[in-house]
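The first chain written gets the first letter, and so on, giving A, B, C and D; residue counts start at 1 in each chain.
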Amino acid sequence: MRLLVLKQCVWIDDGSPITVGFLGLGIMGSPMALNLIKTGCDVTVWNRTKSKCDPLISMGAKYKPSPEEVTAACDVTFAMLADPESAMEVACGKHGAVSGMGPGKGYVDVSTVDGGTSKLISGHIKASGASFLEAPVSGSKKPAEDGQLIFLTAGDKSLYETVTPFLDIMGKSRFYLGEVGNGAAMKLIVNMIMGSMMATFSEGLLLSEKVGLDPNVLVEVVSKGAISAPMYAMKGPSMVKSLYPTAFPLKHQQKDMRLALGLAESVSQPTPISAAANELYKVAKSHGLSDSDFSAVIEALKGKVQS
Amino acid sequence: MRLLVLKQCVWIDDGSPITVGFLGLGIMGSPMALNLIKTGCDVTVWNRTKSKCDPLISMGAKYKPSPEEVTAACDVTFAMLADPESAMEVACGKHGAVSGMGPGKGYVDVSTVDGGTSKLISGHIKASGASFLEAPVSGSKKPAEDGQLIFLTAGDKSLYETVTPFLDIMGKSRFYLGEVGNGAAMKLIVNMIMGSMMATFSEGLLLSEKVGLDPNVLVEVVSKGAISAPMYAMKGPSMVKSLYPTAFPLKHQQKDMRLALGLAESVSQPTPISAAANELYKVAKSHGLSDSDFSAVIEALKGKVQS
Amino acid sequence: MRLLVLKQCVWIDDGSPITVGFLGLGIMGSPMALNLIKTGCDVTVWNRTKSKCDPLISMGAKYKPSPEEVTAACDVTFAMLADPESAMEVACGKHGAVSGMGPGKGYVDVSTVDGGTSKLISGHIKASGASFLEAPVSGSKKPAEDGQLIFLTAGDKSLYETVTPFLDIMGKSRFYLGEVGNGAAMKLIVNMIMGSMMATFSEGLLLSEKVGLDPNVLVEVVSKGAISAPMYAMKGPSMVKSLYPTAFPLKHQQKDMRLALGLAESVSQPTPISAAANELYKVAKSHGLSDSDFSAVIEALKGKVQS
Amino acid sequence: MRLLVLKQCVWIDDGSPITVGFLGLGIMGSPMALNLIKTGCDVTVWNRTKSKCDPLISMGAKYKPSPEEVTAACDVTFAMLADPESAMEVACGKHGAVSGMGPGKGYVDVSTVDGGTSKLISGHIKASGASFLEAPVSGSKKPAEDGQLIFLTAGDKSLYETVTPFLDIMGKSRFYLGEVGNGAAMKLIVNMIMGSMMATFSEGLLLSEKVGLDPNVLVEVVSKGAISAPMYAMKGPSMVKSLYPTAFPLKHQQKDMRLALGLAESVSQPTPISAAANELYKVAKSHGLSDSDFSAVIEALKGKVQS
């Protein structure tokens, strides 16, 4: 089935394939780059810790020892860093990506950063004459491996069109949202809804248990109807067992709620549900659950253990 | 494909088919009874306004002029009434269903009533020696027509087993939840989660619009990921247009939130998200939106029109 | 100073003083009746447990062995019972107050009951030809002893005028609010505001402590400015020490919040702050604090103890 | 009575009086400086718009044309600026206060600024060898005129002791809260409580009206009991008439709620009541009420006008 995708590979006018750089090979970056390599793309990788590059090199990837050398060698470079600080450093630091950029090249930042950071990086990249696209992803490790990510892109439209085949190899959906900052905003709003949904689901699970209904049955009933969401089916069974193996850390969910509330404040949009949900994530944090999965927010609604 | 279902039809030991009564032929009752008739079941109908029985009679249904005569004539009788008062009246009023019940017969109330009403009706039915099952449905007009309802049943287990084939003709899922009252409780909890989800989705739609993102794109992004719920895809596009064609009236959603909050109070379960959502439904009611679809709750989050 | 009040004593046309009955001599009733006796009023008392009458008898009160005999012997009878059930029983039960009532007499219920119970008692009293006044009090033990209660009255205006001198002996303020039920409603609203104020004060105390400020200083700062309320000065110092000696039980505050929210629902008035506060009282209840003072709601905002 | 205060005037060891500078003569600064002058203090004033200095000069104040010249000439200088930006500019800008400071001098910033700004100004002042005290005030125009302000001070303890007599002339209470930033934090917490109290009071007023009770009577009932706060008596009557003459602008109250919520976030303290109240202030802002008094938050709880 991957053969079909192979057809999407991209050649520029002179008949040579578009060369692709990939910076950052963590939990998300490695499987994303691997999917590009498997499809036959010409990929050059870099990672702060070189050893993480080895598996990809053995699969056919080229290697360069700095972001600058990767962008100098490639037509288009993707960057997947862990946080805004790393994204800034890799793009604009010493021997950073910007130093190798120039007219005709493109930089696609698929890291999740705030709108401000994204605009800063965009400014530096474009000052070199290159194009910029922010493209934060919705989806975690498994969708990354399966090429099922969702890209929320914004920035240079022509670059978006150029990299479309690559986005389609790594993901199942992509959205172009206009000016830089819009991708970050869309992602915050989606995560805000997600946070409130998890909090209300928690209320339902605990209420069902308290009135003598099996919460596992609630999970099943919910899965059959109009409010069925994959997240409920995925997280519900372990929540019932008070287990919260971390896929998306609670402290990150709370941070996104906070940033979304700030966004809402900035445009005077009332969001009472999200505000109430945010308080629950804060309670969960004060219970020491920052590094648990965000589904641990259910603990905030439980009474203290009897003495 | 309905042929497969036909095989599930039910005969009692002496070789004769189980006779089925159906009381109440409104928006939900008519298509439910019709699905039974189409599958070849022996169905006797009654409705307060007789004319609503005619289409079913023309499809092969028998008719009796009172609930009492229906239950006297049938092994098992289903009742689908609009509200607790009608459910009580049809079951326990003059010439009501109870008068025709007795040992060996069964009464299945698929109306949505509160736990208290359900227990009252159950008490009267069982005093006659018959069996009782509460079985409120999750799903509205379209699922009723398509035989895709979800039954949340509680009461006599043996009656549940007897009517299983009929439930499977009218619905796609069924749950047996124990003692009478549990079906009503489960439905309230599901609707509580639904109400909060709709409120948080409304926040997201308005926030996206305020920050300059197309809310239709948010609907689409949501539809691709872990928080995708059929309800969002179904209601989102019309909410963006400020249209709320009534499928589930807002006043009923608010009533269910209120009852669910009462249930939570009774067991001291905190439900801050649902409490905040309930306030939004109250705001929407005070805006004159009681009879609009419950998705009109989004209006509660909009600023007043400038004067 | 009580001499001034003495002047307000009341005589009817024939020159004889109005005789006063008092039913219920608990924490509130005893000091209230005592204040009437000290002022020279002609008081006849009754209490379910007779021994509680003895101190008042030694101060000059008369005694009758049933509510019926008290109301038969007195022009006006006050009733101060613990809850709606007791209020009903004493008024309308066997040998209850109603049996001794009749034209020309008055019954003043100073218990805190819901509007429904108040209307029921009113109906029975008025059917006897007598007058009725509901007059729940705002204030607890200390104000009762000091004659500093606030009466929120509703019902027969002429009876209100007749008993004004007695209300002024027992209290410092009185309000006439129209038809029966309005006194109960006013009291619920006042208690709703009080409940939210206590919850927000709790947030401030804990936040000040968390950021390294002395919460006792916050109590003092608050006491100097526009938001100074006697309740904060009274409860703050013990809240800082996590002590909650019961003056008004938390479960009663939560019940009043719930009833007030119900009242708001009935008129579609949004009350998001009270709804959020109610959830905190529920959390406190689930922590086993029902019988603590309502200021223990602050515990609902504390993180769980680290394990 | 002011004569008593006169006695508090301050002389340094050599027998000469402490000279006082005052920067910023707006709504608050003018009456504050005037009170110092009336008490016989040696006051030198400066204001961006010189004309505002004239009334004070006519009362005996000296004048200097820049903050630098004021601080160079005085032992202790007070600054009352409108916002953080002005406070920074006047202290650290060209010809700003810092340029005239040095060992033995003191700078008291009575403006309301955030903790961060306060720490910045403190850093610059102390680098000159001078002492610094942050001293935001609680109270508005009237208390400023009446010498009834409350000072929430933090910073150099010895400077606090030196200026005590001046604080006592301008205010009725003063608190020393430790390190710089604590004064700002205390003020935010007080305003957070105030914002929630106003929101809950609004709920009560509207609910009383909806159930047929006179909201003016609620104002009066509240004024008699344990929850009586001067703010309720002051604002209630005009709120009932839907009038909101601006004493404290709603947008400033909302900003303080937002900053207080941020403070709470930073220490993981749940504050669900304040979060819910903040949403109401946001609704009021979206109704165009930013510049009305903060009591206009009540409008956020009213249904839309019927069409």
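As a convention for this text, contacts are C-beta pairs under 8 Å (C-beta built on N, C-alpha and C of every residue); 3 or more make two chains touch, one makes a residue touch a chain.
The chain list, named the UniProt way, goes like this: A, B, C, D = GLYOXYLATE/SUCCINIC SEMIALDEHYDE REDUCTASE 2 CHLOROPLASTIC.
If you're wondering where the values come from, they're calculated on a predicted model, not measured in any experiment.
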Inset, instruction - Identify the chain pair with more contacting C-beta pairs: A-B or A-C. - result: A-B
Legend entry - Chain of greatest Cα-centre distance to chain A: C
Legend entry - Intercentroid distance (Cα basis), chain B paired with chain A, Å: 39
Inset, instruction - Compute the distance, rounded to whole Å, between the mean C-alpha positions of chain B and chain C. - result: 44
Legend entry - Interchain centroid distance [CA atoms averaged], chain A/chain C, Å: 58
Inset, instruction - Would you please write down the residue numbers of chain A that are in contact with two or more other chains? - result: 264, 268-272, 275-276, 279-280, 283, 286, 303
Inset, instruction - Spell out the part of chain B that touches chain A in their complex, as residue ranges. - result: 138-139, 150, 152, 172-173, 175, 177-178, 182, 185-186, 189-190, 192-194, 196-197, 199-201, 203-204, 206-208, 210-213, 217-218, 220-222, 224-231, 234, 260, 263-264, 266-277, 279-280, 301, 303
Inset, instruction - Note which residues of chain B are touching chain D in the complex, please. - result: 272, 276, 283, 286-288, 303-306
Legend entry - Residues of chain B defined as touching chain C within the complex: 258, 264-265, 268-272, 275-276, 278-280, 282-283, 285-286
